[in-house]
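Everything below concerns the one structure shown next.
Chain nomenclature is as follows: A, B, C and D, assigned in order of appearance, with residue numbering initiated at 1 for each chain independently.
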Amino acid sequence: MHIPLLTIITALPTVTAILLVFLKRENERAIKYVTLLMSTVVFLASLPLFFTFQSTADMQFTEVHAWIPALGTRYHVGIDGISLFMVLLTTFLTPIVVLASWTNISRNLKGYMISLLVLETGILGVFVSLDLFLFYVFWEVMLIPMYFIIGIWGGRNRIYAAVKFFIYTFVGSLLMLVAILVLYFYHGGLTGEYTFDVLKLQETHFPLGYQTWLFLAFGLSFAIKVPMFPFHTWLPDAHVEAPTGGSVILAGVLLKMGAYGFLRFCLPFFPHAVEQFTPLILTLAVVGIIYGALVAMVQPDLKKLVAYSSVSHLGFVILGIFTLNNQGIQGGLIQMVNHGLSTGALFLLVGMIYERRHTRRIADFGGLAKQVPVFATFFMIVMLSSIGLPGLNGFVGEYLIILGAFLEQRVFAIFAATGVVWTAVYMLLMYQRVMFGKLDKEENKKLLDLSPREIGLLVPIIFFIIFIGVYPNAFLKKMEPSVNHLIEVVKSKTLASDIREPSLIIGLREE
Amino acid sequence: MFENIWLVPLFPFLGFLLNGLFGSKFSEKQAGIVGSGAVILSFLAAGAISYQLLSLPEASRAVTQTVYTWIETGAFRVDLSFTVDALSAIMLLVVSGVGTLIHIYSIGYMHGDRGFARYFAFLNLFTFSMLILVLADNFLLMFLGWEGVGLCSYLLIGFWYEDKDNAFAGRKAFVVNRVGDFGFLLGICLIFATFGTLDFDSVFASASDVLPPETATIICLLLFVGAIGKSAQIPLYVWLPDAMAGPTPVSALIHAATMVTAGVYMVARCHVLFLLSPMAMNVVAVIGLFTAFLAATIALVSTDIKKVLAYSTISQLGYMFLACGVGAFGAGIFHLYTHAFFKSLLFMSAGSVMHALQNETDMTKMGGLKSKLPVTYRVFLVGALALSGVPLFSGFFSKDAILWKSVVSPLGGFGYWVIATGIAGLTAFYTFRLIFLIFFGRSRVQKEVEKHIHESPVIMTAPLGILALFSLAGGYVGMPHFWDKFDHFLQPVFSKYIENNLFERSEQLFGLEFGFMATSTLVVLLGIGCAYMLYVVRPELPAELSQQFAGLHRFLFRKWYVDELYDATVVRPLAVVSDKVLWRWVDVKIIDGFVNKVAEWAGRLGATLRLMETGLVQNYALMVVVGAVALVGYFLLR
Amino acid sequence: MIAALFFAFAAVAVAGAILMVVHRNPVYSALFLILTLFAIAGLFVLLNAPFIAAVHVIVYAGAIMVLFLFVVLLMDLEEERVRRHRLKLAQILGIVAAAVLLVEVGVFLKAGFAGAATQGPDGSQIIGDTESIGRLLFTEYLFPFEIASVLLLSGIIGSVLLAKLKLRS
Amino acid sequence: MIIPISYYLILSGILFTIGVVGVLTRRNAIVIFMSIELMLNAVNLTLIAFSKQFNSLDGHVFVFFVMVVAAAEVAVGLALIVAIFRTKESIFVDDFNLLKW
């Protein structure tokens, strides 16, 4: 019997959210346990995806159902090696986020949990959709709960941050919508088959003039989401204001959607435009790496520091993706997972200390290692992962990316490699100022070390941080066929010289 | 035993896990036994492997064991695989052997410390990383060990993290090392881009055929940048003196005997590549020589016992690079080997002195300790004689080998020899300055400290004794012409992939070699004599001299102002630019300012348009009409 | 004859309309509107629509305008004073816009009828008498007809409700 | 002489425009209302004229429905005006700007 696994894991969170609606708002215990239980079930349900995933380039676990036949949209879901790990990362992080929100959501816990669950559905939907229309629907669905999470449960300046987040993302996604429609009509006009199916659209060759504009429209949307320099300024605000759980999801998974979009759409759809824009994007990526790190270095606020470090790390991801070779893209993918784990964990840790101390200013700490050694140890491991210490996960991604870039464009690789120095500088500086030195602030002398719940939610992350560092092949092998297939598609389309004339399309003319 | 190479690093790793996870529940004794036991087991395993290696025929003394594939994607494949040949066997024995002694010594030295188990966990992790570095069969795995030792160095320098300076020193070490690693990393990338593999064997075997000289030069220089960082050479040496903030056994193990020599090991390991690029070789030699000189001059005036030893280490590392740079890799490794013994001996006896004086490191507050610390004095003296290169001590043979090869090598020259010999004199001078200031003369120890002076416990002195023995006799395995076992043992490694006949000629020049040896010995004795004059016979003279040459003294005392230079040219500008320009200006003002301006203008537009909403129904009707007019007009005029 | 009648009715309609708009007293306005409505009813007759003409007079002139007059008288309004809000500009703009609209429509019509016949297709001119319209209403337009009654019902309910509403002042 | 349909249309346009002017310039809600009725009538005239032109009775039916709607509208509209008058003591539209912002 065929089990519609992807539909189940995508829908289950929302089903749970609907269930929660019927629980009394005051019954926080039940709400928490139900959410935790169900999100764990979703994670467990997603494990078979990994274990039964065949290492081929094909889409797997696909499901196709008619949806709106008149528009040519179908409910078409499926995963390949690229989306598999994004799905797993999402299902893995969600229970952890639920557990992390155990005590620090002071009002309307029910609404928070519902938002979280709907958000999970939206994110999973984005990663499994193979129909552009469906993809766009999920892309927008995920925006709304995130907006609420920042805007309702956020910090002092939450409205500003939430609106900024929303509008930034929305501007991008509107352009994307237009681009999607252009794709749809162009493909329809060319073949007579009006469809949003990603796999079919992928077969189409678009004329260069189109590719440029479509790439820009898609690319801007994804660049904002990633976020790439200079579209990153929503990120620090959103992170600083969002509650811990929101930050973790935001950094851990949401940002990956941008990079994922580049891989899934921009590269195979518009290879000529990619070729044309690669120097620009690589430059922005490298600027992001260095810029993010330097700005992170001088941040007085822990969360802002981590937010800017995200900019730096995601610069690496983009660099890897646009090297367009095996090592670079593989590294980029692994780095996406890594960043989800390590930055997610950093936000969790910052959240834990914030919950105790109600401040995130680095200057308010100092000498914590003595008072909270377990916390300091976890922080150290996560920080080292972020720095890219060999043997932990960060190194595998960073190295493969640098290697990939080096094989293509040495200059970019050289500048990107300086990132290893910058990251060490700002991370260690932060660690030193928070953890080392004299324990001289009275408030810090009463801090409690991590509770079993907190340790419990960190340990799984630490496990994967080490596992990926020591044996990345378990993941790389699953991704590789899809990555190779992607590269093949891009290369073969770039080589194919017959770019058809654009006259076939109605209402849209070449500039 | 060859299928069990992985056991060697495994033991320290298990020790790390045990002490790291359960250390808080261990007593000092348990933690110490776990920590030391792990290294002893590792040493035994290493010994067994090395012994077995000796039983193989010379040409095939290299065994590789692959544990599993670490990273593989596309054409890129890196295994977790270990290799043992003569070179790594020596390194293995030095690391685990000296490591064992230092672990045992630490049980006494760290007695009563709050982080006892943590200390041993870190020390074990260090040993593990260092063994990985030495055993690695490819560049990336070596890099893993390379970074691992850097991490442990960071953790151990900042071990007493409550003192801000220690934490800072640790961070400085890590960051400066990272600068070096940046080069190393790019070097690895370039190697992969050139050879398509990172395995030592494949790279070296094909190097002389496929490697163009320019690429060889770039690769070697990039790798050497890594070595410069790790082995504290100019211009990245600044972290090592500060690293003395860590516990003294750490300084002995990491910052004297093993980790800092990783750069030398790496250059020796990659000798094939370096030999293909004479220019890179020259760079290595010159940097080594200049570093040796610079560090020695600073050591002349420093008053901190550990700092003097640190600069001396930098200086000796310079010698090793000089050896590598003139192609005498064997001599470099030989010096590495003897240096590991006598320098860790010196550090640990210094630790013993500090232990007695309640962690005092300032030599101006010592003196006359000869009778109070008799054992420490004796072993210190042995170490000092070895470091100075006094004949028949181990340092003499290794230093002499370097001096001799630097003059006879086609890559070397007489100038090298002159400077290197001069540095040997300086070395002798500052080493004996140490001896005289600490153990001779009248006591300058503070009164309350003086009451508690005591010789260290056996658990500390016993390792010192063993090291002293090796410092005394360890050099005889490399006696030129008579019993040249060491060079002979290493020979297969350095001639396996590439013909290295730089020193064929020198074998015949026995008389000349003896002449040079005698000269350098004279210089050394002269240095010792000067030190005796200045610090024993006329102890008031140094102060006068330093006043007479105040500028020079200050220049040396402030360590050539290199730290200040970096601070002014790199550290500070970077912080200011990042803060004031990048963050507060580019990020907040320009990018975010632009975004907010857009939002503001949208808001203003809305506020203006809002005025149209008068609430008067006729105005709305008017708009409808105007709209209709416009619409009809559009269709008319179209 | 027909032409004369047309122009007469047209003149009366336009004059009545203008006077309705410009007269200050709403009672007069209402009366002038009734005049206009009668003229339009006459035009309907000219256009072969006797039934509509009759209904027009009965519903508009008879019912609706009486309602208007009732309300006007009920309120006993004074004449319009000077406007409280300065809407002079809007007024002028309104007139201008309306004039432009008229011109545009004229041009439009001219363009539209330039080549077209001024007369409908030949054949028997159908007459909109009671029978034919009744037939249409109860066959083809039965459903809309019924809906119209629902609309009227809701109109009645709505106005009754509004009239009975207790309003807070 | 047969009157061309365009004459009716032009007349209808004139009447409609006068109605527009009335709506836009008068402040008495009742007069505005009457102007709207005038506009409706102008449209009715058009419908009947076209009906004749195209020899169809559909236009007549349409006019019939317009009258129905107008009747309902007047009933409700006047009721509203009366209600407003009872609360505000005014039926001048420029006294009401409840829709503002």
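We adopt the following convention: contacts are C-beta pairs under 8 Å (C-beta built on N, C-alpha and C of every residue); 3 or more make two chains touch, one makes a residue touch a chain.
Predicted model, so just to flag it, every value in this text is computed and none were measured.
A.B. asks: Can you tell me which chain lies farthest from subunit B, using the average of the Cα atoms as each chain's centre?
C.D. replies: C
A.B. asks: Would you mind pulling out the distance in Å between where the CA atoms of subunit B average out and where those of subunit C do?
C.D. replies: Centre separation, subunit B to subunit C: 100 Å.
A.B. asks: Can you check how far apart subunit A and subunit D are, centre to centre, with Cα atoms defining each centre and the answer in Å?
C.D. replies: Taking the mean C-alpha position of each chain, the two centres sit 60 Å apart.
A.B. asks: Indicate the whole-number Å distance between the mean C-alpha point of subunit A and the mean C-alpha point of subunit B.
C.D. replies: Averaging C-alpha atoms per chain gives centres 38 Å apart.
A.B. asks: What whole-number Å value describes the gap between the mean CA coordinates of subunit A and subunit C?
C.D. replies: Centre separation, subunit A to subunit C: 64 Å.
A.B. asks: Which parts of subunit B, given as residue numbers and ranges, touch two or more other chains?
C.D. replies: 616, 618, 621-622, 625
A.B. asks: At least two partner chains per residue is the criterion; list those residues in subunit D.
C.D. replies: 20, 24, 27, 94
A.B. asks: Among all residues of subunit C, which ones touch two or more of the remaining chains?
C.D. replies: In subunit C, the residues touching two or more other chains are 85, 87, 90, 94, 97-98, 101, 105.
A.B. asks: What pairs of chains are touching here?
C.D. replies: Once each pair is checked, the touching ones are A-B, B-C, B-D, C-D.
A.B. asks: So in the complex, which bits of subunit C are touching subunit D?
C.D. replies: 2-3, 6, 10, 13-14, 17-18, 20-21, 26, 29-30, 33, 36-37, 40, 43-44, 46-49, 51-52, 55-56, 59-60, 63-64, 67-68, 71-72, 74-75, 77, 80, 83-85, 87, 90-91, 94-95, 97-99, 101-102, 105-106, 109-110, 113, 118-121, 123, 125-126, 128, 132-133, 136-137, 141, 144, 148, 151-152, 154-156, 158-160, 162-163, 165, 167-169
A.B. asks: Help me check something: in the complex, which residues belonging to subunit A touch subunit B?
C.D. replies: So the residues of subunit A in touch with subunit B come to 164, 167-168, 230, 232-234, 291, 294-295, 297-299, 325-327, 330, 367, 369-370, 384, 389-391, 395-396, 399-400, 402-403, 406-407, 413-414, 417-418, 420-421, 424-425, 428-429, 432, 435-439, 470-473, 476-477, 480, 484.
A.B. asks: Which positions of subunit D touch subunit C when the two form their complex?
C.D. replies: 1-11, 13-15, 17-22, 24-28, 30-31, 33-35, 37-38, 41, 44-45, 48-49, 51-58, 60-61, 63-65, 67-76, 78-83, 85-87, 91-92, 94-95
A.B. asks: With touch defined as at the start, can you tell me which subunit D residues reach subunit B in the complex?
C.D. replies: These residues of subunit D touch subunit B: 20, 23-24, 27, 32, 93-94, 96-101.
A.B. asks: So in the complex, which bits of subunit C are touching subunit B?
C.D. replies: 85, 87, 90, 93-94, 97-98, 100-101, 104-105, 107-108, 111
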